[in-house]
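Think of it as A, B and C in the order they're written, each chain with its own count starting at 1.
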Amino acid sequence: MLVLVTAGVFTLIHLTPGDPIDVMMAESVDDSVKSNLRRELGLDQPIYVQYATWMGRLLRGDLGRSIRNGEPVIENVSRRIRPSLQLAALAMAVSLLIATPLGILSAARRNTSVDRVGTTFALFGICMPNFLLALLLIFLFGVKLRWPISGYLDPLEDGWPGLRSLVLPALTLGLALAAVVTRTLRSSMLEALGEDYVRTARAKGLSEWRVIRGHVLKNALIPVVTVLGLQLGTLIGGAVITEYVFALPGVGRLVVDAIFARDYPLVQGVVLLIAVGFILSNLAVDLLYGWIDPRIRYR
Amino acid sequence: MRSSALDANLHRRDFLLLCAMAAGAVAPTMAARPTSAQTTPKKGGTLRVGFYLEASTMDPHLSGSKVDRQIYHNIYEPLLTLDVKLGIKPGLAESWQQVEPKILVLKLRKGVKFQDGTDFNAEVVRFNFNRMKTEPKSVRKGEVASIESVDVVDPHTVRINLRRPDAALLATLTDRAGMMVSPKVVQERGAELERNAKGAGTGPFEFVEWVKDDHLLIKRNESYWNKQGGPYLDRVRYRPIPDDTVKLQSLQAGEIDVIDYVQPRDVAAVRADKNLVELDVPSLAAFSYQLNQTRPPFNVKSLRQAVAYAIDLDQIVKAVWLNVGVPANGPVPPTSWAYDKSIPPIKRDLAKAKAKLAEGGKPSGFPFTITTANIPINVQEAEVIQAQLAEVGIQAKIKLVDAATQLSDGNSKNFDMISYQWSGRPDPDGNSYQFFKTTPGTSLNWSGISNPQIDALLDKTREVSNQAERKKLYSELTKLLQDELPMIYIVHPIEPKAFSPKVQGYEPIPDGMMRFKEVWLK
Amino acid sequence: MAGSIRGSGIAEPATAVERPSLRPVVRGRRWEILRQAARTRLGPLGVLVLLLAVTVALLAPVISPYDPLKQDLGHTLARPDRAHLMGTDNVGRDVLSRMIWGTRVSLLAGFGSVALAMVAGGILGLLAGYTGGHTDGFLMRLMDAVLSFPPLVLALALGAVLGAGLGGVVIALGVVYTPTFARLMRGQVLTITTREYVEAARALGAPGWRVAWHHVLPNAATPIVIQASLSVAFAILAEASLSFLGLGVQPPGASWGSMINAGRGYLQQAPWIVFWPGTALFVTVVGLNFVGDAVRDALDPRLRK
């Protein structure tokens, strides 16, 4: 299956017009240098030969080197993974902070105004295009309040300024994610609240809050974990637009930049890694799900 | 609006005025200069610079990108340098003499050492030129193609033997082709030089580290040979910030101190901002469109001329570039000694445009496609041009492409009219030869023009060494180009730079390179 | 999740699919569903928005106050006033007019790409479900492969290959959404063909396509329609995202995404260029979501308490 993905990427990227060497050396014209470089990198071979070579190297664990900066693809990715992971983690934290109380309250006070607020928020969050949200936040904080909104500082190294550089992008992604989580949490809570054991607990005279905290919450959180896990893949590889607008050196932007520069090895390598990551996280979620919820195991 | 040429002169005059004045210059938008006793430069501090792109390599012989040059001009030094008027000044070479048309003798500065401690001498120069010519990945081969060999006359004199007279060589040596790299570093480090340039140059700063996607750090070279003036800064930290809005906002928020380019649309706001200093730096760059002469519709000269007459350059420069630039009359920018202000840019003339259409057999207009890069200002300009052309019935379609596709389309001549941005070279040869000389195969001559008269002119500009004579030749060339129209030139942009008011001592040179030797922080 | 092209729409309809009806769908039930949907408070609101959008799109030449392409270089970046209700953009074009015409693009892109995905996915799903075996396996692997692609990257690459323009975007998005529909259809095929009445029909000698036509499709229609209504909303968002990155409608054509992208550099001077089309985008997507939700809620037996 991965073969399909990689073959697909390969074909696709090679079909796009444009040549990485031309892009690298836009302002100089020495043809002989360019053709030498092409020969050295094997770019003058027919497509299937190039693919075979790449596959061969891959099986030996070598993802190749980026054409633009000559560094191994692995290094390029690992350098960019940190900001992406940090952003993803922060976004998830933000979303949980917002969604948990909202989701619980919505379900507990179903069809009241609180619920309406929660569902409306969820709906709006899902429908808001994230580039629009990003621009809105930039407008509010950058233009009106004159806060700094530039690139990236590592919170692990620079502490507060680092965190500050990630706040707005994390908000952008986190709000949207919160919408999804709120929805999921609400519906799973509703489902859990309708279960027999809850009715029993209530009959026993336990307060609503005890019921929720004791029994419902744990079960309701399972689908939430699922959703978060699935979204992790999207967060890392798909936060392209957010990374662009906030100038964060993440994996998403790496891929897009590589596509624009026709940096074939980098594109293939990164897409492969993202796909693998996605598959792995799906697998992990499946396993986790099966482990937590015994009912599922015997399907 | 006054004629464009006059505006260009005003800009230049402003600069000369500024340079002649002492620190605390009159014009409030210009950065103060430390030449008077009013403020004495202070040592120390880290200058934080925001750039639009990441550098690609630290080896000047292998570099093909403009951004790299910005850093090179601080850690490496070329044999010759430029002054504010683009005149040639001594660099690592103290003096030069064109002994014969094909022999150039350079006398090198004494007592210069590389940052790794090795000596700079004639042998080093020979080593560097050989490397540029023979290193397989060298991108400088074309630039030094006229050099046959380099002889060491004595430890501080080199003789450069040329294959043919090359009047543009001196200017070429003010940039990467003249930059001297320590042979010891090359031999010991090999390919690693591209990431790590510690000790490799002779410049006022030396390379410290490069963390990709994050920053590039250089620090003051304590053993710099030139004890006059700077360097004052402790360190300079370059940060790549690809987004213009974010870059500007970083500057406004005080996260960085300098940005290399302010978009025309932001210039007014930056000028009005009391916490920033804006500097208009006229550049060598040109923005133009190449017209494909190898296929219809632009294989017909009068149709090319029709388009040129239908375009309103003044309106474009005013509305799209917001007057951050001057309308262009050809490849030579107003900052150059070769600029002929008596040749006006092509003025809009709808009657002439219609006449040319009829002459070309398309009296009611014709359709074609404008291929342009997907950058906001390009898009805007293309839209304006489209509307202007529509007034004479020419229907232009716009095709947006990314940079790679643009290069590929251009190189393979797969376009009708394609946008082209050239960052410019100090010698007019760099702005013209490779675009207009008949060249089979792939080259920067995207239009495919092959005109014997132009070819002859171009060759002559390289042979003649007298500047006044060359200027006349370039005037002739400009007039011919306005008739033949392989390219329609639109504007010579000004490259506005913005600074935090702490930054003092910046001296703008029209090649757009930011040299920090004399810069200090208040 | 907003901004991610696929959106979270996939997870939700699964609940409705788990308990398909036990009989072939009868006409009366459809009316019941519609009535149910209409009773939700938000459903009709969403339909209203949708109708508004369609009307605006159709009547664009009539209601647009200015030619959306007409430049007025003397009045660029003008604040909203009586002459230009929503201001002008960087070459002096009326923002309101461009927004109106942009509706066409968004709706075309949204419905077009989903229609494409429905047909392509439907056929593939049918094929996979019916033939089973290796074909099924291969097709589903193919669909999984496409699904595990980061959607934006896929769309970008496809867009670069197919060239710019609305057509390219519609096709690219169609490809991105096809696996969802293929999987859905296949699931339906598998569930329904194991029903007794179908097996009975087959035993009686009814040819495959007949079974498909009379039994599978009507039953499958429901979850597919639900998915479609949700996907359209995301497709519109996706087209805007791609336009934002420079694909899609070429200038000087107006599309909400490209307007937002063009206005990005003018946030300080002229925020209305970004925020009016943004609002239009948001409202349309919300409305479509209302419709989708209402239909889904109406069909989900469990929530029908």
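Following the convention adopted for this analysis, a residue touches a chain if its C-beta (ideal position, glycine included) is under 8 Å from a C-beta of that chain, and two chains touch if they have at least 3 such contacts.
Here the structure is a predicted model, which means the values were calculated and not measured.
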item: Core chain by centroid distance, with centroids computed from Cα atoms only; value: A
item: Of B-C and A-C, whichever chain pair has more C-beta contact pairs; value: A-C
item: Between chain A and chain B, centroid-to-centroid distance (C-alpha), Å; value: 40
item: Distance from the mean Cα position of chain C to that of chain B, given in whole angstrom; value: 47
item: Cα-centroid distance, chain A relative to chain C, in whole angstrom; value: 22
item: Touching two or more other chains - residue numbers and ranges from chain A; value: 16-17, 138, 142, 244-245
item: Where chain C touches two or more other chains, by residue; value: 160, 264, 267-268
item: Sites on chain B at which at least two other chains make contact; value: 245, 402, 405
item: Residues on chain A engaged by chain B in the complex (per definition of touch); value: 16-20, 22-33, 36-37, 40, 68-71, 76, 79-80, 138, 142, 146-152, 244-247, 249, 260-262
item: Contacting residues of chain A [partner chain C, same complex]; value: 1-2, 4-5, 8-9, 12-13, 15-17, 123-133, 135-136, 138-139, 142-143, 173, 176-177, 179-180, 183-184, 227, 231, 234, 237-238, 240-242, 244-245, 252, 255-256, 259, 271, 274-275, 278-279
item: Chain A contact footprint on chain B (complex, rising order); value: 50, 56-57, 64-66, 136-139, 141-142, 191, 194-195, 212-214, 239, 241-243, 245-247, 249-250, 252-256, 402-405, 407-409, 411, 422-423, 434, 441-444
item: Complex interface listing, chain B residues touching chain C; value: 244-245, 263, 265-266, 269, 315, 318-320, 374, 376, 379-380, 382-384, 386-387, 397-402, 405
item: Footprint of chain A on chain C - complex, ascending; value: 1-8, 11, 141-142, 144-146, 148-153, 156-158, 160-161, 233, 237, 240-241, 244-245, 260, 264, 267-268, 271, 274-275, 278, 281-282, 285-286, 289-290, 293
